[in-house]
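Going in written order, the chains are labelled A, B and C, and every chain counts its residues from 1.
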Amino acid sequence: MSRDLGSSRLWPTEVWSRPWSLPRYRAGAMWLGGIAAGIVVIGAGVGELSLWGDRLLGLLGRFGLPPVAVAWIWVLVKLGCVLGVIVANGLWAVWWERKISAHIQSRFGPMYAGGFHGWAQTIFDTIKLLFKEDVTPAAADQPMHALAPIVAIAPCVMAFAPVLFGTELAAARLDMGVLYIFAFAGISVIGVVMAGWASGNKYSLLGGLRAAAQIVSYELPRGFSVVPVLMFAGSLDLAVIDRAQAGYWLGFIPRWFVFYPVVGQVSFLFFLIASVAETNRTPFDIPEAESELVAGFHTEFSGMKWSMFFLTEYGYVLLSSFLLAAFFLGGGAAPLPFLRFVPSWIWMTGKAMFMMFVFMWFRWTFPRLRVDQLMDFNWKFLLPWSFANIGLAGIMLWWMLR
Amino acid sequence: MISYFKTVFTSSWAFVAGLGITLRYMFKPAVTVQYPTEKLHPYPPFRGALLFDAATCIACGLCAKACPSSCIALAHQVNPETKKRVPKVEWYTLDLGRCNFCGLCQEACPTKPKSVWHSLDYEVVFSTRDEMVRCWKPGVPLGGRVWDPVAKDFREPRGHLPASASPARK
Amino acid sequence: MFINMGPQHPSTHGVLRLGLTISGEVINKAVPDIGYLHRGTEKLMETRSYQQCVVLTDRWDYCSAMPNNLVFCLAAEKLMAVQAPPRAQALRVVMCELNRIASHLIFLGTYGIDIGALTPFLYAFREREMILDLYEMLCGARLTYNYIRIGGVAADLGEDWVAKCREFLEYFKPRIDEYDTLLSFNPIFLARTQGVGIIPRESAVAWGLSGPNLRGSGVDYDARKSEPYCGYEAYDFDVPLGQTGSCWDRYFCRVQEMRQSVRIVEAALARLAPGEIMAKGVPKIIKPPAGEAYAHVEASRGDLGIYLAADGGAAPYRLHVRAPSFLNLAILQEMLVGRKVADVIAVMGSLDIVLGEVDR
């Protein structure tokens, strides 16, 4: 099936001067609009997922099982949902990243696998990775080599326990949810160091240590930029933070923390930058790009072990997106009062996806920082200003409460 | 102090401007072409795979002399009675593996229309070395034939763009 | 510790082997090992006619092949005392300057990737695609043109070529400003390249650098201005200079050169008058009288020179190429010593070498 385009090819000057005259552009816009409308309609039809959860729990109770069994089954259901979200995110985020990067670069991205815009591309890539040979270097520490990916991804999955996916839609209702998430996200560093050590390669070890140093350093401004949010909300519980952002000023400006003067924007930006650095994404991805000259920490891992590291990175991107949405963008709250017919989980997911888009947007726009510049930026700029931000939040809180 | 904040603001503004550029390009239509379902047609002067017409060739050998890679070989016909040279080619071979698509053979050919010329075929792929050598005798189509060492006979080259898809010869 | 930045490597811009001796983060010794792309063109040319030699010249600096054709033809024309007619000279200028833009676009894209900005590469190639289309409309080839011939040029422009070229130039001028916003003045890019890889003036001259590498260190030398050819003395353009000789200066020189090339192409297109494209009296079989000639042009990568020794026969007796990338590469032996490993790629990328020219 070969379609000749004729003797002249379309230059950008011809294609961009009148984009709406291109059939494929109109078709793309209609598809995007249709998908968005479809999501809104399905969301409005399904309603709040927390209500469905309550109904499911009630249904389970009616089978006459002892309450302990019902509790265990309910935990397994919630675990399955969280794992499903993470795996689905791995498939979706990679595809979306390829599409976003492609359109930023005036090209198409995956178009072939599965037919419509290559939606099955990541599935096929995963199958290919499963077939790859697991090469472990002889000089490597064999048990560590096998454990490193697991130690990297397990905390990522566990950190999702209190994450809010909508109003009352979290796997575990923890009154110290924020602390729990940051604590578990920090354990993955051990997996990175193990990976560097287990490669049996001096430069992989250094790469792993460098990556670990980067991750640990950026945890500080990340935590400190959330402190104003905790001060304003008065709790570490994500559901309380979510509720504190409900409501509107003047009837139409949402009370999201990002809109709080100066403090909101600074906290948001610092949390965003620190999250980008935490997840080793450009502009902070020297540990991965260092494999140009010296080995990065995951160079000696192939096949499924490598894809575990990959899933971990995208898992943390998802976690950071949901946290950004929960802390600063109002969680499940609708931006305007009349849009409240769309349920909270759609809004939450939409905001998280928007933040994920911002992650990808940063990656494909900025060059990367050198390691020492990266550390300079953290310790000499982000950290001092996040302290100042906390001070400013304190002043603002005092003024609001007096 | 002021210069510190100035640096912070100019840097932030530079970042935002860069982000704006990439966002703008994200909404513009892509300019690439989905090969192989969509194919671009080269412009008429394009120097693609060579075609040869034994009917118009006068076996002068100028193309073979002009080629920098020595990829053309030919022999002229000999009249069996008079033993004189006939200005017609007995056989003609062209090694596309050596050809560097410079167009000198096309320029050197004295006949009108030219007997050897570049088509618009850019999808010239081979799976064996034998397929690179195209052979003609009078009567063989313009794309030539390749020697198949397994079948020990000549056959049509696979995947060759039909000569009708090329523009008129110069 | 000895690290081999081997012939296959994403950042060496070709098949270059760089042997680095490092202790910790600091480089003690850097030895460029070349020859992986050596095809023996200087020797091959001794058995090829002058027409056929032009085909071989395309393959030196394959990112910008027009100046390669041009310098060889200038050397032969010097021996034959032949001058190309004015229309051919204007066409030569247009093609060489468009090729300079195309080559610097490759540099921009690949240097961006070296530093980590992955998007300008695609933008640069989108623009370069239009230039390659223009060349395809003109001579039929997109990379190895075989267009500039001894005595003139091979083919004349089609009817709509000038309009298409002007369309491209109008489209391209705002793009350079976009590249500046996206890459050149991006604070991260500035932090990575300013103050890195500084080549002082004396070093630059002593090591024989040329092109934007030399001008980035502040030395005002451009073959188009010092020994004009093809009528360059009539065109009004600036030669951008750098201040400190850092990677950024060399990079920005190239970006500014793209702007100047656009100016030159517009002036040359305005200057195009109907006329002959090949000098009269150039025989089919070119046999320059015995003698020696040296011709040099400002190619995209530096000062490209040809020393041609003819013996009156149909093939050159001996030809030597003064390849700019070959000499530019040598300074790595001095520049990398004492630097950090993380800077190697930024420094090497800023020299903009093409291995086809280094190895010939």
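In this text, contacts are C-beta pairs under 8 Å (C-beta built on N, C-alpha and C of every residue); 3 or more make two chains touch, one makes a residue touch a chain.
Worth saying up front: this structure is predicted, and the values here are computed from it rather than measured.
Two chain pairs are in question, B-C and A-C; the one with more C-beta pairs in contact is A-C.
Farthest chain from chain C (centres taken as the mean of C-alpha atoms): A.
Remark: chain A and chain B have CA centroids separated by 48 Å (rounded to whole angstrom). Between chain B and chain C, the centres computed from C-alpha atoms are 26 Å apart.
Chain A and chain C have centres, each the mean of its CA atoms, that are 44 Å apart.
Residues of chain B in contact with at least two other chains: 15, 18, 21-22, 25, 31, 43.
The residues of chain C that reach two or more other chains are 119, 123, 126, 133, 182-183, 186, listed in rising order. Counting partner chains per residue, chain A shows two or more touched chains at residues 9, 11-12, 104-107, 364-366.
Listed in rising order, the residues of chain A touching chain C in the complex are 9, 11-13, 101, 104-107, 202, 282-283, 285-286, 289-290, 292-294, 363-371, 373.
Interface residues of chain A, counted against chain B in their complex, comprise 1-7, 9-12, 15-16, 19, 22, 24-25, 100, 102-108, 111, 361-362, 364-366.
Considering their complex, residues 11, 14-15, 17-18, 21-22, 25, 31, 42-43, 45-47, 66-68, 100-104, 107, 118 of chain B touch chain C. Residues 1, 3, 5, 9-11, 112, 115-119, 122-123, 126, 130, 133, 167-168, 170-171, 182-183, 186, 188-189, 191-192, 341-345 of chain C touch chain A in their complex. Residue ranges of chain C in contact with chain B, taken from their complex: 48, 51-53, 55-56, 119, 123, 126, 129, 133, 136-141, 144, 146, 154-155, 178, 181-183, 185-187.
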